[in-house]
Each structure stands twice: as C-alpha cells, then as structure tokens.
Amino acid sequence: MGAKNDDHDDNRYQEEQSARLFVHDLSKIVLPPLGVSTQNHDPWRSRGWIISPLNSKYRCWETFMVILVAYSVWFYPFELAFLAPSHHRGLYLVDVVTDLFFAADILLTFFVAYIDSKTNMIVYDSRRIANRYLSTWFVMDVASTIPYQALYLLFTGRQQVWSCYSLLGLFRFWRLVRVEELFKRLEKNIKFNYFAVRCFRLSCVALFSAHCAACLFFLLAEENHGGKTWIDDFAKYGDETNIWLRYTVAVYWSATTMTTVGYGDLRAENTRERIFITGYMLFNLGLTAYLIGNMTDLVVESARRTMEYRKSIEVASTFVNRNCLPRRLEEQVLAYMSLRFQAERMNQQRFIEELPKSIRRRVCRHLFLPAVQQVYLFKDVSIGTLTSLVSKLRAEYMPPREEVILRKEGPDEVYIIVSGEVEIVSSTTTGGESRLDGLSSGDMFGEAAALCCTPQRFTFRTKVLSQLLRLKTAMLLEAMRINHHDSVTIINNFLRVSITIYISYSANPV
Amino acid sequence: MGAKNDDHDDNRYQEEQSARLFVHDLSKIVLPPLGVSTQNHDPWRSRGWIISPLNSKYRCWETFMVILVAYSVWFYPFELAFLAPSHHRGLYLVDVVTDLFFAADILLTFFVAYIDSKTNMIVYDSRRIANRYLSTWFVMDVASTIPYQALYLLFTGRQQVWSCYSLLGLFRFWRLVRVEELFKRLEKNIKFNYFAVRCFRLSCVALFSAHCAACLFFLLAEENHGGKTWIDDFAKYGDETNIWLRYTVAVYWSATTMTTVGYGDLRAENTRERIFITGYMLFNLGLTAYLIGNMTDLVVESARRTMEYRKSIEVASTFVNRNCLPRRLEEQVLAYMSLRFQAERMNQQRFIEELPKSIRRRVCRHLFLPAVQQVYLFKDVSIGTLTSLVSKLRAEYMPPREEVILRKEGPDEVYIIVSGEVEIVSSTTTGGESRLDGLSSGDMFGEAAALCCTPQRFTFRTKVLSQLLRLKTAMLLEAMRINHHDSVTIINNFLRVSITIYISYSANPV
Amino acid sequence: MGAKNDDHDDNRYQEEQSARLFVHDLSKIVLPPLGVSTQNHDPWRSRGWIISPLNSKYRCWETFMVILVAYSVWFYPFELAFLAPSHHRGLYLVDVVTDLFFAADILLTFFVAYIDSKTNMIVYDSRRIANRYLSTWFVMDVASTIPYQALYLLFTGRQQVWSCYSLLGLFRFWRLVRVEELFKRLEKNIKFNYFAVRCFRLSCVALFSAHCAACLFFLLAEENHGGKTWIDDFAKYGDETNIWLRYTVAVYWSATTMTTVGYGDLRAENTRERIFITGYMLFNLGLTAYLIGNMTDLVVESARRTMEYRKSIEVASTFVNRNCLPRRLEEQVLAYMSLRFQAERMNQQRFIEELPKSIRRRVCRHLFLPAVQQVYLFKDVSIGTLTSLVSKLRAEYMPPREEVILRKEGPDEVYIIVSGEVEIVSSTTTGGESRLDGLSSGDMFGEAAALCCTPQRFTFRTKVLSQLLRLKTAMLLEAMRINHHDSVTIINNFLRVSITIYISYSANPV
Amino acid sequence: MGAKNDDHDDNRYQEEQSARLFVHDLSKIVLPPLGVSTQNHDPWRSRGWIISPLNSKYRCWETFMVILVAYSVWFYPFELAFLAPSHHRGLYLVDVVTDLFFAADILLTFFVAYIDSKTNMIVYDSRRIANRYLSTWFVMDVASTIPYQALYLLFTGRQQVWSCYSLLGLFRFWRLVRVEELFKRLEKNIKFNYFAVRCFRLSCVALFSAHCAACLFFLLAEENHGGKTWIDDFAKYGDETNIWLRYTVAVYWSATTMTTVGYGDLRAENTRERIFITGYMLFNLGLTAYLIGNMTDLVVESARRTMEYRKSIEVASTFVNRNCLPRRLEEQVLAYMSLRFQAERMNQQRFIEELPKSIRRRVCRHLFLPAVQQVYLFKDVSIGTLTSLVSKLRAEYMPPREEVILRKEGPDEVYIIVSGEVEIVSSTTTGGESRLDGLSSGDMFGEAAALCCTPQRFTFRTKVLSQLLRLKTAMLLEAMRINHHDSVTIINNFLRVSITIYISYSANPV
C-alpha cells in the first residue's frame, strides 16, 4: 500500500505538472475530429526527430526568429536608402548572420510537426511535413533568405548603391507573416490588456509603413540622376551626408502624407515620384480605414458595459415615469434594477452552474461550507452531508427593504444569511405591521415552516444589502432522508432553538 | 403600543433615508464575494480616522480636485509657452496654492478606505491603505505636485523662461486620470444624456490636445536661438509680444494639423520642428480614429431603435407581398406588427414580470386596482382578495378589429377593458355575423363562460385600439375558493347582471 | 333585417376606413399607460378648438412649414453675405411673408394638442398646452421669427449691409429642429429605402454646413475694412460684384476645408479669419466623425445578411471537412443548410406563429385551403372542418433526396405535397432499395399509417425541392372526432383509394 | 428486376447530377410562396425560346458581358480625355464591336425568364418578360448602347474632340450595375475569402473613381480655350502630347484630392475647375466614409472570435480571483472554460443536432460506427441495432482530471472512450482515494451499473484530454428490448468480461 501511495503521489505530481502546463497553454489545445481515435494524446511531446510545434523550446526559437525578423524588415529599407556604400561593408556581416539564422529555420521546419488545418490533428509524418512545406511556404522562405547583394558582390566584384538585386531583398517582407502570428497569440493571451495589445499592433503597422515609405521615397530621389527631385529644396538646409537630417525629412514627408495633412512643402517633382506617391496615398486610404475600423471595434467593446447599465436603468426609469408610480415604489424598483445589473455583470451564480458537476462541487464547498458550518441547524452534522447540501445552494444578493419570504407563503425555501441583516415582520391586528426581531450574519430563516411543513408565519425582510444562500426545502429533506444520523442531529438542533424562541415570544402574541 | 409606533415611524424614516441614499448612489454598490460574511454592511459610514470613499463630503472634495486639475493642466502649458518671465512672478502664487491643495490630497489619501478590485470589498485597514498607495500611485502623485520651477528659483535665484525643470512640470498631466474618472461617473449617471456626455468628453479631449500641441509648438519656436522657425513668417503681421495673436496662430496651426487640413502656410522649418510635427501627426492619427470610433458607437446605438422598427414591419410586409394576401388581411397584419413593436419597446409587461414578487405585487396594486374595483363582478369584494387577483393580471394592447375571444373557445380567460371598445358578435344562421352589443371601459367579458364552465357563446372583437387586462380563469376560481365570503359576493354580482342581460337579449334569439 | 344589414354595411365601411387610416399612420400610435382608462380613444379627432397633432390637415401644414424652413435657413446666410443692399429691398418682401407664416404657426401651436412624453397620452387641455409651449419652445420660436433687419430699417431709416441686427437673424437656424423631425419620420417610413433616406439626410447636413461656412467666411472678408483678407488674391480674377464667382470661390474654400483636403491656395490671412477657420475645422472633425459613424452603421447593416449566409454555410463546410465526410453526404449537408438559410430568412412559418390566433386562422385559410381541398382524403369534407385543420398545418421546404418519412417510424405526421415530387421507396430483401411509385403536387402521404395506427410501411423521399404541409396525426384524429359526418367522409375517401392502391401493388410484394 | 435496376442506376446517376448541380448553385435556390403549387420544379431547364436565368451557358454570357462592361467603363473616359482625334479612328472599331455585343444582350434579355421579386417565382411568359423589361431597364440599356460619337460622325461628317455627344457616352456608366451584381455573387461564394473579395471590391471602387476624376479633370483643362488652367504649370515639364505623362499628373492630382492629402501643387485655377473639384471633394467625403464603414465591418467581424475567447476566459478568471479559489481549482476552472470555448467554436455536436434526421443518421453512422464496433459490449451485434444506437450518441471532449462519473451516482449514462485515457478511482477507507485501473481508447465504462441498475461503484476520471461518446442508459435498454437476439449477445459480452474483471479485482477489496 505504501508503494502504491508513493506511486500515487508521484502520479499526482506529474498530473499537477501536466495540468499546469495545460492551463499555461490554454489557447493551444488541439481537438481531434469526432469519432477519430488519436494515439498521440500528448501533443507537447516530440517523436524521434520530429519536434512538436507546441514544444516550449521551439516556441522560444520562434520568438527569437520574430525578433530577428523585426530587426531585419525594419533595418533593411533604411540600409538600402540611407547608408553609403562605404558603410555597407561593415553591415554585410550582420546581414549574413541574420540570413544564416533564417536558413537554419528553413532546415528546422522540415523537422517540426504541423497541425492539419482541416482535421485539426498534429501530423508527425516527416514525408507529409516535407510535402506540405515544399508545396506552400518553402519557395517564399528561400527567396526571402538569399543574400542577393552579397551574391552580386561575390560574382561581379562590383558594388552598387542600388540595383534590381537590392530590390529582390524586399522579399524579406515576406517574413512579416511571423510577426503577424506573434501578435495574434498576444491578443489571445489574457495576461495582456486587449486594448493595449491592439493599439500597440496598430502603432507598429503605422510606424513601419511610414518608415518604409520614407526610405523608398528617399531612394527614388537618390537614384534620380539629373532632373528635379523632392529633396532638392532641402539640399541647402544642411550637410547632404547627414543621414539623420535626411531621414528626418523623409519621415516628415511620409507622416505628412500618411496622415493626409499634406502641407505641400514636400511634394512630387517628377513622374516617378508622382506614381510612387499616388500608390502610397491609395495604400494609406486602406490603412487609415483599417486603423479606424480597429479603433471603432475597441471603442464599441469598451463602451458596451456602460451602455448596458444605462439601458437597464432607463427601462426601469421609463416604466416608473410612464405609470406615475409613487416615490417609495420608484426607489425600490430602481435599487433592485441597479443591484441586479451589478450581480449579473459578475455572472457568478450562472458561471457556477455552467461548470461540470465535479468542479462545481469543489467550488461550492470552498465558497459556502464555512458559512454553512456556522449555522445552528447544522451544528455537529457530518461533513459529508454538508458537502452534498452545499453544492445545491444558490447565492443571492438582496437590496435593502426587500421581502424575502412573505407571510402565508408555502415553505419552499430556507435561507442562510451570509452578510447583511434581515428583520422578522408580523402583521398587527390593525393592518399595520410590527417588527419582531432582527437576524444577522450566520442566522437562518424559513427553516421552521420547512421542517414543520406549514405556511410561513412571518414576513422576512432585508434591512440592508444582504447576501443570502437559498436552499430548496426539498433538497434539505432529501439530504436528511439519506443520512439518518444527521437527520436526528438537525431535528435536535432545531427543537433546542425553537423552544428558546417560543419562550421569548410567548409573551408577545401576534 | 404608542411608543412602539413612534419607534416604528422613526425607524421608517431612517429606512426611507437610507433607501433614498441608496438610490442616489446607484452605481456605487459594493457587492462582497460569494460566501464571505462582511461586518461592514454600511459602506457609507466612516470608521475612526478612515473615511469611506463613498462619503458624500469626500465626493465633494474629489469634485473640487477635478476642477483644480482641469485648471492646472489647461493653464500650465500656456503659462510655460506664452507668458514672459515678467508676468510669471504673479502667477507663482496661484501655482503654489494649487500645489498645496494637491499636497493636501496626497496626505488625505492615506486616510481614505479603498475598494479592493479583486474581492470588491472595502478595506479600512490603514496599514493596507498606506501599502497600496505607496506601491501604486504615490510616486506619480508626488512627482506631479513638486513645484519644480519655484524650487529652481529658490535654489539658484535665477529665472529661466524654459528649462528642463519646466518640462518636469508636465508630470502634472498625470492628474488627468482624475478627470477621466469623473467622466466615467458622468457617463453612468442616467440624469445626463449619454450622447451629450460622450460628445462633451470627446470635444474636451480634442480641444485639450490642440491646445497643448499649440503651446509646445510655440515653445519650440521660442527656444530656437538662431535658425528659421515656423513663426518667422508671422513676425511681420503684428506685435511680437501680443500673446493673444501668437496663441491664435499657434492654435490655428495646431487645428489645421489635427484635422489633417494642412493648408501649408504654417509648417516645420527645422529638424526639431519636423520631429515634433511628425510625432503630433501620428498621435492625431490615433486620436482621429478614436473620435470616429466613439461617434460610430453613438450613432449605431441611436439608430438601433429605428432599425428594429423597420425590420419588424418589413418582415410583415415581405410576408404579405410574397403570399399575395388580400388587402384587408394585409392591413390587419401590418397594424398588429406595428402595435406589437410599440408595446414591446416599452417592455412594460416583461419588466413587471422581472421584478421580485414583493415589488411586483405593489406595482400591480398601484396600476390595476382602480380599474378592477370598477368592474361590476368585483363590487363589494374584500380588498385582500382583489389585491391577490391584481398581481396575476396581464395588461395587453389590442389593435382595432382583433378577435379577443372566438365563439366556441374554451373559457380559459376573462378580460377587463381598461380603455377602448369591444363589441359582441354572434354568427347569424346565414353564415354572416350580427353585432349584438358594445362594451367599453370598465366592462368585463368572458366571465359568463368562465363561471359556468361552458364554451364561449359569442365572439368578442375590439372596435378601436384597446387596453385589456387578462386574467386566467383558473386564477379567478382559485381566489374564489380561498375566500368563501368573496366568492358568494362574486356569484351574486354575476347572477344579478346576467339576469338583466338575459332579459334584454331574450327578445333577440341568436 | 334589411335595415340592420344596411347599418351593418355602413358600419363595416367606417371600420374599413378607420382600419385603413390606422395602417396609414403606423408609426403614430399612442399607447396609454397601464391601467389608465382614457376617454379619448380616437386620437385623430379634434375637440372644439383644439386640433389633434395627428390630424391630416395639420400634418400638411407642418410639411409646408418644413419647406419654408428649408428655404429660409438656406437662403438667409446667402442673402446676408452676398447680396448688395441695392438688391435687398426686393427680397424684404419675401422675407416678411415667410416670417408671417412662422408667426401664424406660433399662434396655431396654442391650439394643437400634444403628446405628453411621460405618460404618452394626448393632452387636449388648452391651459396645459399654453403652459407647456410658453415654458419650452415659445421664446426661441419668437426670437427666430422677429424680422430684425426690417425693424432696424423701420426705426432708424438706415440700411446696413451687415450689423449685429443681421446676426440676430441666425436665430432662424433654430427652425432646423423641424427639418430634423421630418427626417426622423421619413426614416421610419418603410415606403422609402432606409439607406437612401439616411444618405440624403447626411448629404443635406454636409452641403448645408459647407454653404453656411462659405457665406460666413465671405462675410468676414467683406466686413474687414483695411487689412489683408483671404479673398484678396481672387480680386484680380474677375468682377468683384459677380456674385456667382464669389460664391463659387467661397464654397470651394469651404469644401476644401471640410473634406480636409486643404490645398492651401485659400487660407486665413488675419486673426479673425484664423479663429473662424479653427472653429470650423474643429466642428468639421465632429461632422466627419458623424458622417463616418452613420455610414458604418448603414454598411454593417447591409452586409449583415451576406455575412450570416456565409457563416451558416461555413459552419457546415468546416464540419464536413474536419470529419472527412464522403462526397455524397457533404453535398446533402450543404444543400440542406443553404435551403434552411433561405427559408429562415423569409421567416414565414415563424411569422405565422407569432400572429394572434384570429389573424393566423385567416392567413392560413387564405394560403392553404386551396391546396388542401384538392387532396383526395378531404373530398366532400365540410368547409368548417377544413378551416380548423388548415390553421394547424405547417409549411416546410425539403431539399431533393431528403427522407421525409422513414420506414418503421411511428405514424406521427401526415404530409400534403404542395409542389415538388416525392417517391415511395421500399427495402428489397437484399438490403438495397427499390422505388415503388412517385407522388406529386396535390398528393398526400403518411395517412395510411396514421389512420390505421401502424408504423410506416415505406420510406418517402423527395425527388426535387418540395414544399410540404405537415399535419400532426393527433390533430387530424381530433378534427375527425369533433365532426362525425366529416369523419365518415374521410374514412370513405381513404378506403376507396387504398383499395385501388392495394390492387395495383398486390402483384408486387415488398 | 434487371431492367428496373438499370433504370434505378440510371435514375441514381441523374439524381447525383442534379444534387451536384444543386449544391453548385447553393445561393440560387428559388423558393415558391407558401401554399402555391408550382409546375416548374426545375428552374435550370429552359422552355421553348425562353432561357432560364440559372442556365449555365447564360451565366457564362453574363460573366463575359461583365468583362466587356469593365473594359468599356474603364477605357471610355480615358479615350475621351487623352486620345487625340487622330488616334480615335482606330479605336472606333473596338467601340463599335463592344456596342454590338451590348445590343445583342438587349435582344437576348427578351428571351430570358426572370425571378419575380415579389413572389420569388420564375416567370417564363414571354409577354410578361417583355413588359417588365420595357418598363424598367430597357430605356437605360438602349441609351447606354447607342454609339453617339459614331452617329455624329456619320450624320455631320465632322469630328470633334469633345462635344455634348461625347458626354452622352457617360450613359455607359449605367452598365456598372452588372459589375455590382457580380461582386454581390462573389461575396456570397464561400470559395472566396470574404475579406479579400470585399477589399478587392473597395479597391476597384476607389481606383475607378480616381481614374474617372483624373480623366474628367484633364478634359476640363483641355476644353478651356484661353484662361489659366491647372495643367499650365506642368506644360513646361515635358512634351504636351505625352499621354502617359499627362495621365500620371491627372491621376496624381486625383489621388491627392481623394485621399484628402491636398499638397496644393495642383489646384483649381478657374471657376469651372473649382465647381468640379468641389463636387469631387464632397463625393469623396461619402466615398471615404463608405470605405471606412466597410473596413470597420470587416475588422469587427474578424476580431469577434478573439474577443469571445477572451471574454469567456476573463469571466472565469474574474470569478476565480474574486472568490480567492485555491490554485488547483483555479487551473481546473480555466482549463475547462478554454476547452469548452474550443469545442463550442466548432459547434460540432450542435450542428449534428440541427440536421434533419435522415442526414443526421448517416453522418453519425459515418463518424461513430467504427468506434462503436470496437467496443467489447457490441461484439457480434447486428449492424442494424448499432446504426440506430449510433445516431443517439453524443460526442464530448473532457479536459484532464475531470470526473466523468462520480461514485454512487445513478446509472444514467454509459461512455465509450474514443481517444484519451480514463482512470477508475475508488475511495479508500481512510477517506483518500486509490487508483484501480486505467481505460483507454476503445474501452467503455458505466455499463456495469447501467445493465445491473445499481449506483456506480467507482469514480471515473479522465487522465488526459479525452473524447468520449455518451449514451443514455435508457437508449441502450430501449435498443436491447427491440432486438431480442442482439440483447442476448450484449448480455453475453458483458458477463464474459465482467467475470474476468471480477476475478482480477477480487484480490483487491475496495
């Protein structure tokens, strides 16, 4: 038995680990199709040479590649446009190292399993992996990795500031799909604020677009041998070789155009520039629409809650005004609606009911058992009976001055007060009402009628905002029938207290 | 008993007060977590030195601070950019007084309880309050309150128009979070029009942003010793020391850029200005998107109702056209749909049913009891029985020429006419129909079949738009069974009238 | 009886009329609050001197006033800015006549009942009407009607192009609230296309805003005595007195600024113009956001249907692909989903069920009675029985090759074929299936099992897209039990045909 | 029987064809109104001279016409503005051929049936077709087809670059409604990505609008005899007859204005140009709003899924934090919610339940039969019984460590493991629990209690993410009652295995 227990503990530890891992990877669950028995129930484990795409080390590599991509696509246009050939040589090394990493990634992809988008299953078969990669992204990945300029230098020995070969380097922008994927993962991660992630992403898109346009626009001016260019007016302002100044001017133009301000101090001076700017402006039209669309989505989402609250209150308010309800009733209706909205917003009770029974039982035990154990009726009752009772409780918030139980009602429910105060009210013979007693946290009411199967003798009304646990009488009786011993305990508890109450009230006939 | 009544009245008064307070603070209810018994059931009361954040005096202080913040963040950039050192001295006093108030607020915060965002409970423990404040906002609050310029003047004796020390004053913008919070509260307050509050908020954001940009842009030109600046072209237009003129020009530029009009008469002339403008334009891209997003949200919301009405009518209209219904039927269908939309919009019946039973009973008594007491059948019936009947009534609107009860139907429901007219129709032997009699406000129908348990003998059809109260026959019989005395009264009432009717119709066989 | 019939016809005619009126005023129904008996059940009738706001003649007057308002607010700024004093004299007359009409409207308002926004009831009490008008819109209405310029001319004898008195005329813009109300009514009218009405409204807002800004901007230049103005550059282009040219330039500037194009050829030249333009630009920011918000709302609405269709098909498509269903099954699933979307879109069956029973019965009789009367089983059955049966029918569309009834199923439903074809299929002993017979429009199936209370002997499967009427067996038997005579007819019909079928199939054992 | 089979196969082939066609035309189903028997149940077949609008050849012709329209409306403005008369002659031929095709299409339309928009039925009656066409689109179609310029040339012999007759050619833009219809069809086709189609459509609208404005603006400059025009500044830059250069400049201006950049280097120089630009700018205001509205719609749609996921997780996360649940429980709750979202997203089970029974039965047989046949209990059971059982199975995904069956529960359900692992857990006497055994893919549990009608003796808990098939016990017993032979087989299977289990566990008392 000891060995078993060890084994059990060991097991439990592993399970804890797997559960933790599981929660950590919430958004990566891979559900197989219906009716298909999958042998690979652990998608996080590698098989032979084939690495799982959910493997945490591979995830790190992917993140590293994204950073490399970000550097690469951001820096390449700048390098192309602004850096004189004399500086280029030093940067070649960095470029080549970057390219080597990308080449390594291409090789690695042949050994990474993939999730079939159709069946949602992980494919570990190396032949299918190769087939898929070769027929889809392989060509683009290779095209974006070849160091065209280096090869040109190698083969011809000549070095050009700008050439068709350099333009081929724009294939690197293909790598942006990886950055896109990273952002999608970030958006699904609830650790990060959704609004912030989306805004950050949109800012990156806008800045990157302005940066690239600035670089390309400057390149156009540089490559324009003879003829007027847009930069000519600025030649007089400073040293032409000052990279920082020139980049600033280019970005200034780019931003002026992208935001459609268009001061007009920088503008196209020849046909090539006009075509480029026309294209950039039309692209910006789409980009601006995209930014606004995203922002609208975020704003609508963030304003939804306030809107719902206002609507729920306004419905009540309109009803009250339309039907000229008296002031007292109006206040009660509004208070009730406001409280209900708050409670609904948290969705607590509904959330509990949506959980599967095993989880629900544990959650209820954690939440309600301490409160239930304090109640006089359940004193000395076995923990087992209480546990089963507890999962049938419903927590409710009640606004002040709300009648929870009405006099002469059937004994359908009993209530336990978790917080707040409840008063017992009885009708006087003159039709008015007299307050008999007050109950507070830890007390129970309605159990007298429930256990005696008689109508309620008093009205129970909250004094302040109260949290009550409601238990159906049938559930209580059912629980008592199952466990005879606990049943006797409960009855004894009840009788002991009710005699006390009888004595205290006997002098005060209702 | 007298003492008791006094006590009772006193009690009632207090309760009225607390209920009123409660309604007044609709959006500030603090719900404790499930199963946790809170001892502090009155979140509006202070405890020793610790003030409740819901305390009305503290609320006033907060509002005052918001006004101070608004003044401070609006005036500081203006002071920094446009006011010559000679004027500064006089303004120091105002600034210092403002800063003293903010310092007082920092001290006060150590004595204000807070609502724990996790558990939603109010924390009164002064140690936890201090811990939380020191670890979150304290540093920023202090940084935004230190009078950097005054200190600089004090320690060095020199006075500068603009310096790094002045820029530190921009920490004051931190205080804007308080204004943000005020706006959020305003948006939740149903006393104010939602559209107006949101528009006002957006206008403030736009104006403030334009104002700050204008001030900073002017500061850039002021501080540019030598070199061309954007303001140079305007030097000739007027007195350079005319603050109003200069501010107007700066705001004109700022608005031109923010709205992306960009005339181009004012534009960046040096690198520093270009960088500033680039930043401002990109910020404006986001701001514009935010404004449009908000406006879209508001427009969608305001157009929703009209849209729903059109849809409900169009469904009916399409149905009618597609199936070529005759003209008479088409009109009835459209009238019914239109009426139903109007009634649904007000949600009155559904709203009543959502209320908890004690409130619902009172609302129904207020609304329906006067109408029910007029009905002949309930003459001399005890108020208790009527009250219980009244909470089971359902109010319904019926379009003109709608058959409420069909001949030969089962006696499931009885109706009371609140407003409008209903006619009794009987089939003639020739298959046509003859109108027997008309009923109007205060009459009842269907009760003959209900009390005799026979099928309906006539068809009842509305003549004009009518409001009817429907009562299930079962409910009526149930109420009669409970109170024997009222039952006899009802039967007597019925027989007395039905004999009259019998006599009047006996000459007119159907 | 004849007199009665005449009366009846007369009555009916009036009712027809009132019903027609009712439908014509769909959006103007006035529902009283719950439980309140209103004596004025005809809100279209006037009372003494007080006219109902729903009165059709008053509606005409209102529409006429809206046209007058449109003319007035459109023409006034133009008159103020562009028309030289020499032309003014002629226009005074038109202005005065317009103002007289508005004065008449102010007087009239004292005699028009109003709908209390709180209780939704029409108020005919002349004192309350006067009170309400005097305390709300009266002041503004009067202020917008006084002919300031004419009075100025009258009292001083002098005539000025532009003065404070002219600016007071801008009170006329107050009248725009009437135009706003007209547009709201148009939007609710389903005779007009919603998209078109909204676009027209937005265009009007944009054009009017551009027009007013152009007029005011020109006024600024006119009134600027000495100093440079924006119009100076254009003085050389043409005759200064050419109104058309000057208006064109002003509108060109206004549109350039409103659309944020901002070429920069026309721009503020002095402080007053800068302030005006700054205000106009900030106003435009809001206007543009409002236009975009409205357009987004319209686009979202118009794209919703396509989106829903795509979603419903994509769910099916994903399901089919994920679970690798065979080709044949895939097609059936997609066909079914597509058909279901089409049918749901029309909402026909659901719409019928939402109608109140009296209307529903008539609609069903109109739609289904002709089809049911053709069925052999109901030959010679009384119209009464058929009518009651018909209202229990459910129309359904079935895609081709769909099994409607499966062999060995219980006899729960019988079907009538309205259009399309159905084939009877029987299993052969070898497990395959053989096609026995085909049914087409006007046939019925499932009735054999229903009447004999045995399981279905054959499978019934559609050949083409079919429309079937489904009738619960219980409903059929219920109808037969009620009317003995019809029951015999139905049984006879059934037996006569089933013997024929028996004979024809007896040679072909299944 | 052979002949019959042939016939049957032939039939089946045809049906397969029609079904395929059916699926291929998903969005073109024509549903007749309720209760109307249509004789034309095959809307794809032509009748005599009248062609069905759904005919595939006619569809091809329509697509060809759309291409012709695209060419025609794109090229015509360009031809009008930029091509000198000397080049015109050659292009006349192309224009005339195009016009001939359009004339042919007008003739053809008289022989194509149409779908009545009111009744949704196809109309084949040639008289009604002609009536409808003549009264609606005929005039516009003819007006857009007449070759005005050719006629002018023919009758007068003169040739003008630009004339009123040329402007009549703008009627050709009427043909754009056909392109609009093509795009609507594309949007409904799920083969194409919705986002891509919408973006492509918006791009086309933007480009076409810019192109037309450029051509018309250039035309204005060309036709301006004397006076300054906007193009004057560019006259110096190059050969005036260089079409490409001039078109580039015009498009550059057009794009600058449309995107509201408005550099100001190209701007209106005379009244006619100002009016044109004003109109273009106001049109662009609407166009931009339309683009942004569309983009917002697309963005909202694409972000919806991520938003829903975040919400469902955040509700769980807030609940867990608010109520301070222990770490272990927190992880379970989050894992469950995440899994549930994934499963709900696929909607698989709900989708199956929405299918009509005949399709559902086939789908279930395809999905679940292989898994069920592996289960020991159903060994040698007839395929008929299994098929009927299989359609009552519900597939469910269970997160790891989830209790599927709790000890002492009633025997309501039995489970079959499709994938994953389940462990059997028993309570030890000390209150802890001991793991008894593990079940994996192809096993079944809960059947012991179900067949013996006793409470469950063990707890069954998943170890990893598992897919289970749930079967109500009642369904199993019902299936066993119907087929006696299979019932015996099942009992035998059960007894054989349970004895084995009994023996293996008998040494290990629980």
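Things to note:
Going in written order, the chains are labelled A, B, C and D, and every chain counts its residues from 1.
Here, contacts are C-beta pairs under 8 Å (C-beta built on N, C-alpha and C of every residue); 3 or more make two chains touch, one makes a residue touch a chain.
Protein names from UniProt, one per chain: A, B, C, D = Potassium channel.
The model shown is predicted, which means the values in this text are computed figures rather than measured ones.
The chain with its Cα centroid farthest from the Cα centroid of chain B is D.
Residue-numbered contact pairs of C-D overlap by over half with those of B-C, the repeat interface among B-C, A-C or B-D. The angle of the rotation superposing chain B on chain C, based on CA atoms and rounded to the nearest 5, is 90 degrees. Mean C-alpha positions place chain A and chain D at a centre distance of 27 Å.
Chain A and chain C have CA centres that are 38 Å apart.
Across the assembly, chain A contributes 34-35, 260-264, 288, 292, 294, 296-297, 300, 322-323, 346, 348, 367 as residues in contact with two or more other chains. By the touch criterion given at the top, residues 33-35, 118-120, 260-264, 292, 296, 321-324 of chain A touch chain C in their complex.
Interface residues of chain C, counted against chain B in their complex, comprise 4, 8, 11, 15-16, 18-20, 22-23, 26-27, 29, 31-32, 34-39, 41-42, 184, 187-188, 190, 194, 257, 260-264, 267-268, 270-271, 274-275, 277-278, 281-282, 284-286, 288-290, 292-294, 296-297, 300-301, 346-348, 351, 355-359, 362-363, 366-367. The touching residues of chain D, when paired with chain A in their complex, are 199, 202-203, 206-207, 210, 237, 244-245, 248-249, 251-252, 255-256, 258-265, 288, 291-292, 294-300, 303, 306-307, 309-310, 313-319, 322-323, 325-326, 328-329, 331-336, 338-339, 342-343, 346, 348, 367-368, 370-371, 395, 397, 399-403, 406, 418-421, 434-435, 441-442, 463-467, 469.
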